[in-house]
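Paired with subunit B in one complex and with subunit C in the other, subunit A is shared by the two complexes that follow.
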Partner chain A sequence: MLDANPTEQSSANSAAKLVEVKDLKMYFPIHTGLFRRHTGDVKAVDGLSFDIFKGETLGLVGESGCGKSTVGRALLRLYELTNGSVTIEGEDIAKLSPEALRRKRPTMQMVFQDPQACLNPRMTVAAIISEPLDEHTKLSSAEKLEKVYELMDAVGLNRAFANRYPHAFSGGQRQRIGIARALALNPKFIVCDEPIAALDVSIQAQVVNLLEDLQEQFGLTYLFISHDLSMVRHIADRVAVMYLGRIAELSPREPLYAEPLHPYAKALLSAVPDPDPEREATRQRIILQGDVPSPSNPPKGCNFCTRCPEVIPICHEVKPELAEVRPGRFVACHLVKPD
Partner chain B sequence: MPDGAKPVLDVRGLQTVFRTRGGDVHAVNSVSFHLEPGELLGVVGESGSGKSVTMMSLIGLLPMPPAEIRGGQVMLGDMDILKVSPAQLREIRGKRIGFVFQDPMTSLNPVYTVGNQVMEPLLRHMGLNKTQARARAIELLELVGIPDAERRMKDYPHQFSGGMRQRVMIAIALACDPEVLIADEPTTALDVTIQAQIIELVKDLRSKLGMAIVWITHDLGVIAGIADRVVVMYGGQIVEQAPVGELFANPQHPYTRALLKTIPSVSGTREKRLRVIEGQPPILGAAPTACPFMPRCTEAFAVCHVENPQRRPLDDKRVGYGHDVACHWDAKTGGIA
Partner chain C sequence: MTNAPAALAKPRSQWADVWVQFKSHKGALVGLFVFVSLVLFVFIGPMVWTKDPTFINPDAVTMIKTRNKPPSIEFPLGTDQLGRDMLARMMKGGQTSIAVGLTAMVISITLGTFVGVMAGYFKRLDNALMRLTDLFLALPLLPLLLVMAMLFRAPLSKAFGPEGGTFLLIVVAIGLTSWMQAARVVRGEVLALKEREFVLAARSIGTPSRRMILRHVLPNVMSPIMVAATLGIANAIITESALSFLGLGFPPDFPTWGRLLFDGAEYIQQYPERVIWPGVAISLTVLSVNYIGDGLRDALDPRIRGR
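This part shows the complex of A and B:
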């Protein structure tokens, strides 16, 4: 089952789309009053369209509350979508019947943020990793155990610890258990939702390197959700910057970090502290005023218009669409026009 | 900072132990550092390195038991604050030493208005009457950049955003014009754009008010931008201490060197592969007889297994005043120091 070469050769067509998202909307209804009337929506994700190519890592960055985790969950249909389609390998998972969705699950998996909360404390590591195998395969117990051992080797856990419980492991090791579980069914697409946010700096690098190794070994495609822009620069091939439920900019890694085009992407990158006192001393920071508006009542026009340092009148009226302004670079801003 | 200025805070040989059923946990092992007037001292370390426990012990905020301060001196001016009575300590906390904690939601009381909480230290320590305290509280909220401060005095903490709550915490900490401000991961719970706002605010307040600050963080990027001098902690000890530029340009301890290489940055060159520090941080079960970093160290000698290295100066200054490191390895020669 642990094929180093997945049946479909990912290298054959490197630009093939694995995941295609069209006009994804995810609203959470607000009910108020005595009769719990539907009085509004939290527009967590408000019309996203993007593709994820086979074998790439798409970084999804943004501040808390911008909807990045909701996107990750919606892509795996852990929520019922409000609108839009998510096509993974030619099938629109938003429209699949529960049984068909269940059969589809092995291709798409998730690694969660908090490795403490996502592992059942009463199950041994072997039981946790083999649970997907119990659900989706008809392997014998011996075959399952063999597979569990293979997975533990792959993520760098000692086989001798298979019968221990999660509490006996450190944070980094627990995250490895979570990754092994996600890999158990040979997925093609893995959503990593802040997989390193709960880990110490020296452990983060270990987990990121592991994710990169596994990607190469098994030809995986990642959606890497994170608020850590420097780590995303390391791991992602392309990066989408989200603000208040929309994509502000989606660009390949190097051009984005070298020269962000959207005013929010500029401000966000300039706010990241740089571990170099000399560069820090000379850097010009763009300090955004105020806070992110509430997603239940986003501003009219461009959702960044309340804090944008470069705002012009049209921004308060017309919502800018995400458009390709340079080859491969998509920006939703009235000030950035195609060359 | 001029060498020889009398430190506002001088911690010597602080040792804190937690007594647990599984035995003692040696969280802080003979930590010494000082704080000069007006300087910003950065304390970096991973979780469990003892940075927060150090600060909590020196102001008596640890629950005792299970915590126990086994030794050391904390001189605030001429007074050893480990020896004063609880009543005296209450006078010092909030008045001479202010704090800002990591999570502004849990450190503000949800059932009192923000105005009430900013006024509390003013009424308690400064002997102001209500009208004066109210006026001063509004001033403080304006100082930390809360728009429409007078009206917001009546609001409760839940009506403020994370960044605004942290500003309120800073206003409370600064209320009595403390000599020392201890900020324990003040921006960790905040988003980067809000973190940038708070950092700018602290820089601005420093130049206006001139208090000395201890800034605890695990983020070397934050330290690089804000600190004058840095203390690196690992396994409950200070492993390296240097002025900020010197530390980043010329790190000496294998841990500091590895840590600086393992973090990616948004500018500069992108490494094809991240360097890692193999292994796990230590569990501080027994009093250290070896170097706590030894199991993960790439340079370890035989002596590192049997002797916990003491801090040694790398220049002609005293330990704590120039650049010093607690390591048997000499980064220049590659041999034993």
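This part shows the complex of A and C:
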């Protein structure tokens, strides 16, 4: 567990926990040589533990290739987990049988990064949005059509577009179709895998506001994966900063942006430009040296020890565990001690 | 929303859209017209032109006099080396050739698509199925066909009659030996398709594999299947004639377009029209089917539709 005194913490929050992730590991095997022998693993996600509470938005940020999307997909068991458990509403989805998993699918849905690729080009919008209804409900076709129209209203698509194909839409509209599909089964938990990364800035705001409105309307819980730190600041209640398959810091939004504790979070947040020109002029960027190590061969000790500006000898030896150092703030660093 | 239910069209059937687009493809329309005419010619024609295609005049003198005639009123396409009417033979031969071509194509495409989709979609089956495909590709086809004909001809003829048995033998033999190209192309497409996000999205919805293949994979691999299918018809007609030529297909007096072509090839110097008739018929069939396939492929792709 991530907190220092699990009993106290869990008794306070267990009622409100929707998703509980424990020691999540996702390794992709590497096969080399003539006989395709298993010679190593890409440790995309290496021991993650966190909770998502009902009705909140947990932001997941980090640089490219740090395992954000893998976490999102593993949470919905689109990959078979290497280790760990993901408990959604009391059921460990990592251990569900295929049929039980299928019945569980309506509670958890996903919005994808690339709105072009996530819609089947051969299906009409109505067919795309009603696919979840076809799979999980026994509505008549007229009822399905009515539901599809309602969903299109909810995401702000003109009902007259129901017969068109995805190629006839702009990126923002396609993303709305994807969101409508995710909403079709009244899910409780939605993984948003960089839903705005492929969109124009003007459209990004529309889509994020739509997601916020829908959250209010339907009481949704989001895992919002993004590398856009300003957008995460806008939408998330708590933010997890990932580095090389591990969580570096998990904190509520305001304290994190005001005063990041983990050296990596400091460096990452120092890169966010400030709209106030006076403060922007005095902004000190922390420039990290070197490249991200390969996830197939992470360094011994702390994953960040090769690039950390504040590195001390113990970092090269012992992997720091995620610990609660301030109320509600979890940091995995030897330098940050609980007060 | 506006309260204008009249403005909201019901979701149309995809096939209506497909037909609208198909109609706008001129080549496909011409192809369809030619193909339908050919089919009418070979299947309805014999009812109008009632000469027996296998009739050889028993009177030797008359028979010799009516040999190798050029086109005339009595014999619109002339006669062959035994005095049989070419028009009747073209009709009768067309029935067999078109039936063999279509049936063999359907068998080979079904088999190829099935193997390709299975190999591409289910990683566990991939290696086994693709090695099987390689095995078939490596087999020398003609000897294999010869062995098949030798082994199965007699029992099949007994069960389905000489014509039915041979027909079955030939379509199955051609179908079984020509699915590999389709399988490889389809597998490649499926492998690429499987990594697309909409397949992942369908998985996150909980769509089972069976419907995933029918709903998301197959419609998106339609184009290569169409191409393979239209080329397959031509191949099947030609292979059938090669088999008949080797004496392994239909009996020598039983006309097919391929058979007529090979019979005429001996006399190509003196009577070139004897080669031209079946040659033109085969080419027209292949070409028209190709155009129909082209039009269908475009019509089935919503991105091209409406341009």
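FYI, the second predicted complex is superposed on the first by the 321 of 339 C-alpha atoms of A that agree within 3 Å, B and C clash if a C-alpha of one lies under 4 Å from a C-alpha of the other, contacts with A are read in each partner's own complex, and residues count from 1 in each chain.
Rule of thumb we're sticking to: contacts are C-beta pairs under 8 Å (C-beta built on N, C-alpha and C of every residue); 3 or more make two chains touch, one makes a residue touch a chain.
Because the structure is predicted, anything quoted here is derived from the model rather than measured.
When the two structures are aligned on the shared chain, A:Arg233 is found in touch with subunit B, with no touch to subunit C. Of the two partner chains placed by the overlay, only subunit B lies in contact with A:Val208; subunit C stays clear of it.
In the superposed model, A:Pro277 lies in contact with subunit B only, and not with subunit C. Shared-chain residue A:Tyr165: touches subunit C; no touch with subunit B. In the superposition on chain A, A:Arg285 contacts subunit B only, with no contact to subunit C. In the superposed model, A:Cys118 lies in contact with subunit C only, and not with subunit B. Using the contact criterion defined above for the overlaid structures, shared-chain residue A:Ser97 touches neither subunit B nor subunit C, since it reaches no partner. Considering their complex, residues 46-47, 161, 163-164, 191-197, 199-200, 218-225, 244-245, 248, 258-260, 262-268, 270-271, 273-278, 280-281 of subunit B touch subunit A. Residues 63-64, 170, 172, 200-206, 208-209, 212, 227, 229-231, 233-234, 257, 267-281, 285, 287-288, 291 of subunit A are the ones that touch subunit B when the two sit in their complex. Within the complex, the subunit A residues that touch subunit C are 73, 76, 78, 101-103, 105-106, 108-110, 112-114, 117-124, 126-127, 131-132, 135-136, 145, 149, 153, 159-160, 162-163, 165, 167, 178, 181, 185.
Those residues of subunit C whose C-beta lies close enough to touch subunit A in the complex are 1, 7-12, 14, 196-198, 200-208, 211, 215-216, 219-220, 300-303, 305.
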